[in-house]
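I've put the structures underneath this note.
In what follows, chain A forms one complex with chain B and a second complex with chain C.
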Partner chain A sequence: MNAVPAKAVHGNERTHVERRVRDLLARRAVLPGVIESVDAEADLWELGMESLAMVGVMVAVEDEFGIEFPDELLTRETFRSLSVITDAVMSLTQEEDRP
Partner chain B sequence: MSAGPAVSLSGLDETLRSLRLVPDDARCFEVPWSSAERDYGLPPDVLRTMLAAGLGERSGFDHFDLLNVSLDLGVRSLWTFGPASWAKGLRAKAAVRAEVEFVPECAHEPDEGRECDFQVLLPTGWAPCPGGSAAARFELPASWPRPQPRAAELLAEFGRVRFVRLPMTVGLDLDFVERTGIADCTGGSLFLVREGRRRGLPIRLAQGVILSPPFSVLHYWAEIENDGVWVPHDPLIVGAMLRWGLLDPAEWDVLRSTGAILARVSGEMGPVGLDAGRPAGVSFATVVQTGSRG
Partner chain C sequence: MTGDRESAAGACRELAKGVLAEHAAEVDRDARFPKEALRALRAHGLLAAAAPVERGGLGADVPALAGMAAALARGCGATAMIWAMHQVQLACLLACDEGAELREAVTRVVRDQLLIASATSEAGIGGALRTSACAVERDGASARLDKRATTVSYGVEADALLVSARRGPGSPPADQVAVLVDSARTQLEVLGGWNPLGMRGTCSPALRVRAEFEDWRILPVPFGDLVARVMTPLSHVLWSGVWYGLAAEAADRAVCHARARGDGAGPPSGSLAEMRWRLAGLEAQLDAAARETQDVLTGAAEPTVAFTLRVNSLKLAMSQVAVDVALAAMRVCGMAGYSEEGPHSVARLLRDLLSAPLMINNERLVAIGAQLALVARER
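Entry: the complex of A and B
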């Protein structure tokens, strides 16, 4: 018997992915001193992220999670916040898990 | 620190020979080792080889040297993302529709105490940016006419020039291009247009962006008129992409147009953004709509 509700499992997974994204950005020195503790919904563009840094984030996230962003997700909006990046990663990893 | 995935070193000697053609006084060894590994994806053995070739100091490396080595070795990094994206775009079978948002950056000092007053250069001319950006839409055919024989001859000759990212002072020096046989898109396109005009061909310069969503980059190429159509030609980039293994040589040569990924803005080499009349950097947030880029 599975004692953990499915919704909670999903929530834990999301938290885990979000933490990996945050750690990744910290290792890539994106918004140093800020990214480590910033709210997941905070607008990274407003905090000073630049376009070149965003491309670095995109490449690093693809490598970290073994995914490739399709054209429709290659937008500024996809990389607006830790939360939105996490959404994109989860949708792509779930797609790849499908048979 | 992790050395990252294994990198094939074939061709490194040729890359280093090309880079030795760049004058030393154009170099700035300001990228530290840690950043060279992390941001350019170059493993320590490559960096040591660069150092031994005089392309680096204990304090660090030159950005352009790192960038060129990174491109030629095909390592994956934010700096090499562009060419991989161009290759995807060139595989499009249908017209590419792109929306490019021109986002200018402040060109004044923080202590000047005034608001930014932006303008950006769109294909329709200079436009104000009251909301901080302005957008342009492009529809780019996937296929273009092959060049006429005299234009083909010029492109084939110029296709032997090797693409190397260069510091601006060197890149714009056409004598350097002629002397060394290496060029970036600025000097390369100027050189090609000058030589084409000398031969009496209908050729012009193009300034615009080379599409690589989510952010394109400013780029220069030549356009040659063919039966009333100005056809974009970029033999320098095609040659480089063939060298990097990003284009299939069975389908591509330097005569073929890369117009599917070239969005023309103007025919001049100059700023595309202004802040209260001062040249301002511009980033090009890009969304591409086509179902066949993968």
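Entry: the complex of A and C
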């Protein structure tokens, strides 16, 4: 591990988290046929995600990663794209990893 | 500033006792638009209440607007509801008037106190405002839409309408935009009658809206964001202000009736006390939600799940408890309350209030609330 630059570890982990988020949304049939291949930066609201579907996504992401979103992150912004969701998950899992 | 706001609230109280009360019974009986009241509101600059002072408005914040809605409702519930709905449309426009042409149009709305209606409901979808069937269609430089809306309050009387639609013919139902269409360039076709139980002066039939417009009339903020940040919270707070005013008026009439009967009638009804504690709870809930909504409108707070749940809860509580208060007032007033006429009549107040649980149906709000409660973090 020492030989691998921190940035690369971070990059790999990020890709991994993003894939798990994408798979999770696909399993929950959020934007079926679209979510599997959509760009991570794409606006999920513009692609037609409905607000009640977002609640299901919130619950599923919390359960999948064993995290709890604080209220200030429970907004439309946090769930706007796969990339933003991934950012939120990573910031919360890193907080919990900290001793 | 404070003086202006105080005088705006005072003007609402005076108008409620005057021109609103004077025409309320006739407006209700004939289910006609309260044109005298709207003329008076305009004369006092009250249609631009929510606009900032530097844009030519009164600069009223959300708690002040809620107080004004309650004050107006004491004179005429329909007028107060039209005013409240208009403030919501105005706030939506002010929240996203980027671009020179749109900004100029919004400035004109404020300056001339143009009346703005909203067409968010749709045939086949009903009141679920986060999905649309109709779409903006482009034809060279101009765009157009054709919407069959199920309920458009004062649409025929309005100077402009805010219409929700899918972004384009290929867009999914939830990818919506809001379009500010000018009534002069819009064909409105009344599709049904208007003969409801209450809030009759709001004149809210089904309408077919056919409009042509320039691209800049499509608001730059996605409709879903506008709904979450402005339209839903402000609607719930200002509608609740109206319902609170109607309930408070009913309670006051019950007190007047009890006093007029005098000591000979025995001790005063316990309903008088019940109405007060119910109103006190509603007032506190309304005030808290109004302050929170103000923070969301200014960007000081985000419209989180817990916030949405709290403003939805305000709407649920107010729409149910205000009806309970009016029913209690009617019990106190007896036949004088049941009568459509006389100083102790509660009839119109109650009929108006019975629309409250249906405006964004409480059954749907409860279902949404149950979902939101799964993730909401309480403070």
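Criterion: the second predicted complex is superposed on the first by the 98 of 99 C-alpha atoms of A that agree within 3 Å, B and C clash if a C-alpha of one lies under 4 Å from a C-alpha of the other, contacts with A are read in each partner's own complex, and residues count from 1 in each chain.
We take it that a residue touches a chain if its C-beta (ideal position, glycine included) is under 8 Å from a C-beta of that chain, and two chains touch if they have at least 3 such contacts.
These figures come from a predicted structure and were not determined experimentally.
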Could you tell me whether chain B and chain C fit or clash when both sit on chain A in the superposition?
clash
In the superposed arrangement, which partner chain does A:F79 touch: chain B (first), chain C (second), both, or neither?
first
By the touch definition at the top of the document, which applies to A:R28: first (chain B), second (chain C), both, or neither?
first
Is A:L47 touching the first partner chain B, the second partner chain C, both, or neither of them?
second
In the overlaid three-chain picture, which partner chain does A:D71 touch, first (chain B) or second (chain C), both, or neither?
both
Is A:V59 touching anything from chain B or chain C once the two structures are fitted on A? First, second, both or neither.
both
Stretch of chain C, among 236-244, 254-262 or 344-352, that runs into chain B once the two complexes are superposed
236-244
Can you pull the chain A residues that chain B and chain C both touch?
50-52, 55-56, 58-59, 70-71, 74-76
Chain B contact footprint on chain A (complex, rising order)
28-29, 50-56, 58-59, 63, 70-71, 74-76, 78-79
Applying the document's contact rule, which stretches of chain C touch chain A when the two form their complex?
130-131, 167, 171-175, 222, 224-225, 228, 302-306, 368, 371-372, 374-377, 379
Chain A-touching residues of chain B, taken from the complex the two chains share
38-39, 76-78, 81, 101, 103, 213-215, 283, 285-290, 293-294
Chain A residues within the chain C interface of the complex:
45-52, 55-56, 58-59, 62, 68-77
